[in-house]
Amino acid sequence: MAIVYRRSKGLTDVETHYCPGCTHGIIHRLVAETLEELGVLGKTIGVAPVGCSVFAYDYFNCDMQEAAHGRAPAVATGIKRVLPDKVVFTYQGDGDLAAIGTGEITHAAMRGENITTIFVNNAIYGMTGGQMAPTTLVGQRATTAPLGRDKSHAGSPIRIAEMLATLDGAAYIERVTVTSPANVMKAKRAIKKAFELQLEGRGFTMIEVLSTCPTNWGLTPVKALEWLNENMIPVFPLGVYKDITKKEA
Amino acid sequence: MAIVYRRSKGLTDVETHYCPGCTHGIIHRLVAETLEELGVLGKTIGVAPVGCSVFAYDYFNCDMQEAAHGRAPAVATGIKRVLPDKVVFTYQGDGDLAAIGTGEITHAAMRGENITTIFVNNAIYGMTGGQMAPTTLVGQRATTAPLGRDKSHAGSPIRIAEMLATLDGAAYIERVTVTSPANVMKAKRAIKKAFELQLEGRGFTMIEVLSTCPTNWGLTPVKALEWLNENMIPVFPLGVYKDITKKEA
Amino acid sequence: MAYHEIIVAGFGGQGVMSIGTTMAETAMAQGLNVSWLPSYGPEMRGGTANCNVVIADTEIISPIVLEPSELIAMNQPSLDKFEPAVKPGGLILVNQSIVERKVQRDDVQAIYVPSLEIASELGNMRVANMTMLGAYIEATKYLKFETVVDILRNIFTGKKAHLVELNEVALQRGADCVNR
Amino acid sequence: MAYHEIIVAGFGGQGVMSIGTTMAETAMAQGLNVSWLPSYGPEMRGGTANCNVVIADTEIISPIVLEPSELIAMNQPSLDKFEPAVKPGGLILVNQSIVERKVQRDDVQAIYVPSLEIASELGNMRVANMTMLGAYIEATKYLKFETVVDILRNIFTGKKAHLVELNEVALQRGADCVNR
Amino acid sequence: MATGNVTFRQDWCKGCGLCVAVCPKKIIFLDESITNRKGYHPATVKDMDQCIGCANCARMCPDSIITVERV
Amino acid sequence: MATGNVTFRQDWCKGCGLCVAVCPKKIIFLDESITNRKGYHPATVKDMDQCIGCANCARMCPDSIITVERV
Amino acid sequence: MAKELWKGNEAIAEAAIRAGCRCYFGYPITPQSEIPEYMSLHMPKVGGVFLQSESEIAAINMVYGASGAGARVMTSSSSPGVSLKQEGISYMCGAELPGVIVNVMRGGPGLGTIQPAQGDYFQATRGGGNGDYRLIVFAPANIQEVVDLMQEAFELADQYRMPVMMLLDGMIGQMMEPIEWKKPPVSPDDLPEKPWATTGTKEGRAPNIINSLFIDPEACNVHNKRLEEKYRRVIESEQRYETNDTDGAEVIFVAYGTPARLARAAAGLLEKEGIKAGVFRPVTVWPYPYEALHEVSLQDSVKAIVTVEMSTGQMVDDVRIGVNGVKPVSFIGQAGGVIPTPREVANAALKALGR
Amino acid sequence: MAKELWKGNEAIAEAAIRAGCRCYFGYPITPQSEIPEYMSLHMPKVGGVFLQSESEIAAINMVYGASGAGARVMTSSSSPGVSLKQEGISYMCGAELPGVIVNVMRGGPGLGTIQPAQGDYFQATRGGGNGDYRLIVFAPANIQEVVDLMQEAFELADQYRMPVMMLLDGMIGQMMEPIEWKKPPVSPDDLPEKPWATTGTKEGRAPNIINSLFIDPEACNVHNKRLEEKYRRVIESEQRYETNDTDGAEVIFVAYGTPARLARAAAGLLEKEGIKAGVFRPVTVWPYPYEALHEVSLQDSVKAIVTVEMSTGQMVDDVRIGVNGVKPVSFIGQAGGVIPTPREVANAALKALGR
């Protein structure tokens, strides 16, 4: 018998505080596996956001910084400019990246900052108890949209991948999800490609991962996967939005 | 003899502080004429930014608020939500809107905030003495890019019209310039259309106006127009980037 | 009457908070002074949750309970954490269904309630917390059964009105565990 | 020597600031204490600009000049604004080319320099400001002509080295306006 | 015959059921007879013989507590 | 014969020359004989007879100080 | 009036609505998220504006715009979020705009913790933003008091044209207490006119301008002196405080908010030990009731002044200024979400008394 | 060493580079834009990092990241921009990150004016951000002193792992004075190791974590107490001040920065009128030299203490705390970019002396 799957060395031996079935955990693992496989754990600095993944600094087995809400790309920029040969990534939720942190992520992308952003879009503010995010779907309920997001009042969800893809500095942008083993494998490939491009110095890379929040969606973990597939993917289509390696081909 | 052109009533009888030949003045006039022609001067509240147009509150002949640097769209949102029947516009430079104010403009657009933004892109921080803006061209010199903007260090210019056009809440986005009488007339039509759509309650409208900064570009006013035509337009192509009235046709 | 300082503690989802608010509402309806203070934070994630309730006929000085006169321990970690803090002569109510050990102090009164068993007998696991509240009322005797039921009637209205009766039974079954 | 508090004022673009810095550099080279303080702000827009220069062989207490011992007025608004502030017995240098009026006070010394006329005779309008500086040096006599020229030599190097001589002539022509 | 073998770090299991949902052989279930110290019924495999070692379960486990071996 | 007539509020003119540049009849110039109180040589029209009242000048004037009339 | 059991944060929101506030902008942050949540449901019901902004900075600038447009408007946040609002608050003060800002404080510095604390006292009372400005800062100690003061907060904001802050700690936001709605609700239609507001000229008046820029230093100085004069009037008229058993006390606790409750518990403990202790509780922490505190300190009976805070010591500066050397001032506090116990507080008094 | 004529802002930038700073993030704002401008040209020449950020908030968070990665790093701004940095500064303090922050103050509140002022004293000394934290704040009075203190600023930042602020006014930034470069430049290679920095584990050590979150209140309290203890050490060791003619003076001016120069001019005026006046000048405004000021005030000769500020009165709080009632404290100031004249200052002294 040979081990075909085991806990990645990219994760510390610490239990996470995530709710049962929250796919934040899966995404953590994919990042950890990527860093392990690329052999860069010892030269990686990760940046944790403010959000449910605020404690990510305890979970990734590499040097970590905890950033202020929304500012992870600025913090990562500070690190990367000082240590251009290291691998630097941010791990951010949709409140963190697409609300308060809109300026920082946009300008990191514009500059072609040579970092990788893992953008976990669960269409809600998880940590603070289910308030509306800029990515909340029209009609979706949230504690600050008790009757569902009303387009005429709060607009329609922001599509970050599409928006940042308009910037020249963005080298690779893909939207993936983790709702099935097959999707998990695709997500892993995307994440790995992003880090590889960073290692090649190609510029800003971002993988947007559609993720669940069973707790605040009020669904079981398994139902949450279904809800995501049925409701989120149509609004946030999966796919590659920017790939500078394509131009060259 | 009949008067075919006179100073608009939308402007106060005050001399501007703008440098000789700075096209901020032309853009002011176009907004003023539009408000006058639409008969809405008495029900308009304008929001001045921080930038060379910081004193715009003295120049427009309507109620005005001066906003903190970059926050004009938030201030305008506050006004519009309280006074939905009034006409509300922001007048912002590229440092104001595309650097520090990236978050506010993006979210106003996302929400489909029913306001009009006049975005004066002169590829430089005018007011503070010619520092690099996010819209500064690659190779263009600025006091904080003394050897010219270096793409590998500071990225390529952000294209705001293109970026915001990805948002559903944006009703009308066009990029114009004022480098010739013909362009001035086109710009005027665009501005007028934006305000008309606001009056119809259609959502967020923005007109990006490519503008000169003879002082900080180190060019005479006339040479500045030429430089703009030759260098800025290729990077910031003129045209309509979003028009919800087109879908309906 | 005494100055009651109560801690209700358990897993998130066990109805800890609503035991506290129901007590508080009842006390208020009886004209008593009251405060209710929850633990808060990422508690939704299956960690422990607790609330402090103070009930008195005199002014309430501090809503923080450091040394409870009564403890309702809905799970083992809660008993472990708060048992030592209970005032000598105080009362500990234990959710016997999932707490495996007994109260170790002998200077306090201990009452055990098989809340899950009762709830499953009643066919609705959600009323488990009401059995604990029933036992508390019976053991301390200053909150009125009828008032609690009035409060429940305000909570369960419309389609949920039928739940009042069920909760009433649960309260009673909890009360029965006292002096058993 | 005296404690010199100087205001140099004029339109933006008239070289007001560099008169001040050249004075300051010269004084420093002569081992004197010095401070230079510009007006700043949206001055680039053709408004008025001025700088305060303090030169002394004692410690400089404040770099702000409220009552100048010497005023160099490059345009009319500057003369209008600062003439009243000049210390009795002080000196006012007027850029006669564009200031239409005379100094009105009689408790100060006034010197008039046709800076633009001289500059145009010399074939380079940019040296107009140097004529004013030349007059200042000649009138106050504590800054050394040679030191100024040394400073200019540091400023105009390489391709611009030929400008040193031109500036020197301009300084001299300005100086000639004193006691004319 | 089993081609795979799966082990769970049960004390860390949150009983979310994602592994249960994705197992092609439907051999994983939450063991209601156990309540771990976190208060959850942990996942376990009923019939290891049927395990094909596909690692679907491990790929979906948010808590990375599944180890999969294969012949 | 003139079909247009142009007037300038000269004390507000900044001498930027944009009107000069866009006049199709090339009749506008900066009057070096005047220095206004801002220190600029203001724009003026040499030969009003040639003015066609196209208003190009007014459209380009950043300081909105040109009035154009037409027959 | 019947008593009702309310959670602090929800009571705050409801009290604002009853005070005629019809406009709220905010961003979620623990431990105050129930305020925007309540507003999101209830503002629309009264025809008011609720908007969740993209950030705290956007929120305060929306408040600026709405206030400038004449609305009775509020925002709320907690410590790190309030830090982000400092520039905006400074602008509101510069432009003389009314508005109510609620800070439900948590432990700091930085992300700190989400538990109750009082580490933002300096920020609130001195202004964490740039320039010379002040806010009226109410520091109520229980939910009833918050509710009672809310209407006044809006009124003072309008009267003086300046922002008013409600400085609370997470405990007040999260706890429930029975409260009474003592004052009748205010209808927005009954509020005084704001002729300075930018509501459109109707081409009938000169434009109104909302602005904090005074580029000419003389003008800016005059503006500052005018603000200072306004603040002087506030200092004269708006100091609020409460004393408990301070007459003839040997030790005086000075505390605001939750620690004032603990200080009273500590005074009770000391009483039992034969020591007379009183509590001086500022209700406005700006303007600070310096003279009243000085008066109390001057009593012969008073041997020690003990400041109690949920911080490492901030208000103690004001206590020192108020006491002005007439009695020794000491400090007891816990920070980062820990609440000092009455025993600790009592012991600090004993120590200050040299026992 | 030969004297060189330097503009304040450029001297600041050059001094930082000579202090071994190889990393600068900032955003333009008058009257300090020459700092980023100088850095943009000179940092690349020494192999350092210059980056113009998209905002002041981004800048301070880049500083956080770079500092956490071990760099000697600086940012600069002016009043409204520094307001925006408050959350970030609070985070740096919470995470114990060194760094130098320059505030070239202008008039406020809000957009105010671009002329020199000192309205950000409270913000600098009390922390405009959330939570209990302090910065070491240097307030030099001329360019030479700025330059002399810069190296120390970086060293203290590293030694105590906390940000250090240079609190200047626009005049110091804009003026030119001759300066000497007294200390030899520091090479970044010679700086002490930072074993806590996140530079990659090389899989040889446990991960380093830069963080200000302590979710458990007990842990957060311990963290705060530890910070407090550190601040106590700073208070003990790092107070700096200067006195001029305070011995036997009848009136003492207390002033920092530019007003200290004016106070000396005023003292000169008073001298002529037969009144002995001295100047007490804090060089660190946090830690504030309270005891030294108290000492000076205790002199029998001293009849009045006059605080001089380019504000409506902020440091006067600290003067009151330091003097602690032993002598009357009064205040003279101008705000919004106006600089008080020596005559006004002298008159304030006369008034305080009752003449």
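Descriptive notes on the structure:
By letter and in written order, the chains are A, B, C, D, E, F, G and H; residue numbering begins at 1 in each of them.
The rule is simple: a residue touches a chain if its C-beta (ideal position, glycine included) is under 8 Å from a C-beta of that chain, and two chains touch if they have at least 3 such contacts.
Computed from a prediction, not measured in an experiment: that's the story for all the values here.
Looking at subunit E and subunit H, the chains in contact with each of them are A.
Taking the mean Cα position of each chain as its centre, E sits at the greatest distance from subunit H.
Distance between chain centres (mean CA atoms), subunit B to subunit E: 59 Å. Averaged C-alpha coordinates give centres for subunit C and subunit E that are 37 Å from one another. One finds 33 Å separating the Cα centroids of subunit A and subunit B. In subunit A, the positions touching at least two other chains are 18-20, 54, 66, 68, 99-100, 102-103, 106-107, 127, 129, 134, 153-154. Residues of subunit E in contact with two or more other chains: 14, 40. For subunit C, the set of residues touching two or more other chains reads 41-42, 46. Put simply, subunit C touches subunit E in their complex at residues 11, 46, 75, 98.
The touching residues of subunit E, counted against subunit C in their complex, run 14, 35, 38-40. Interface of subunit B with subunit G (complex): residues 12, 41-45, 47, 54-55, 57-58, 60-68, 71, 74-79, 81-83, 86, 103-104, 106-107.
By the touch criterion stated above, subunit A contacts subunit G in their complex at residues 50, 54, 66, 68-70, 95, 99-100, 102, 125, 127-129, 131-132, 134, 143-146, 153-154. Residues 21, 24-25, 28, 33-38, 40-41, 60-64, 66 of subunit D touch subunit H in their complex.
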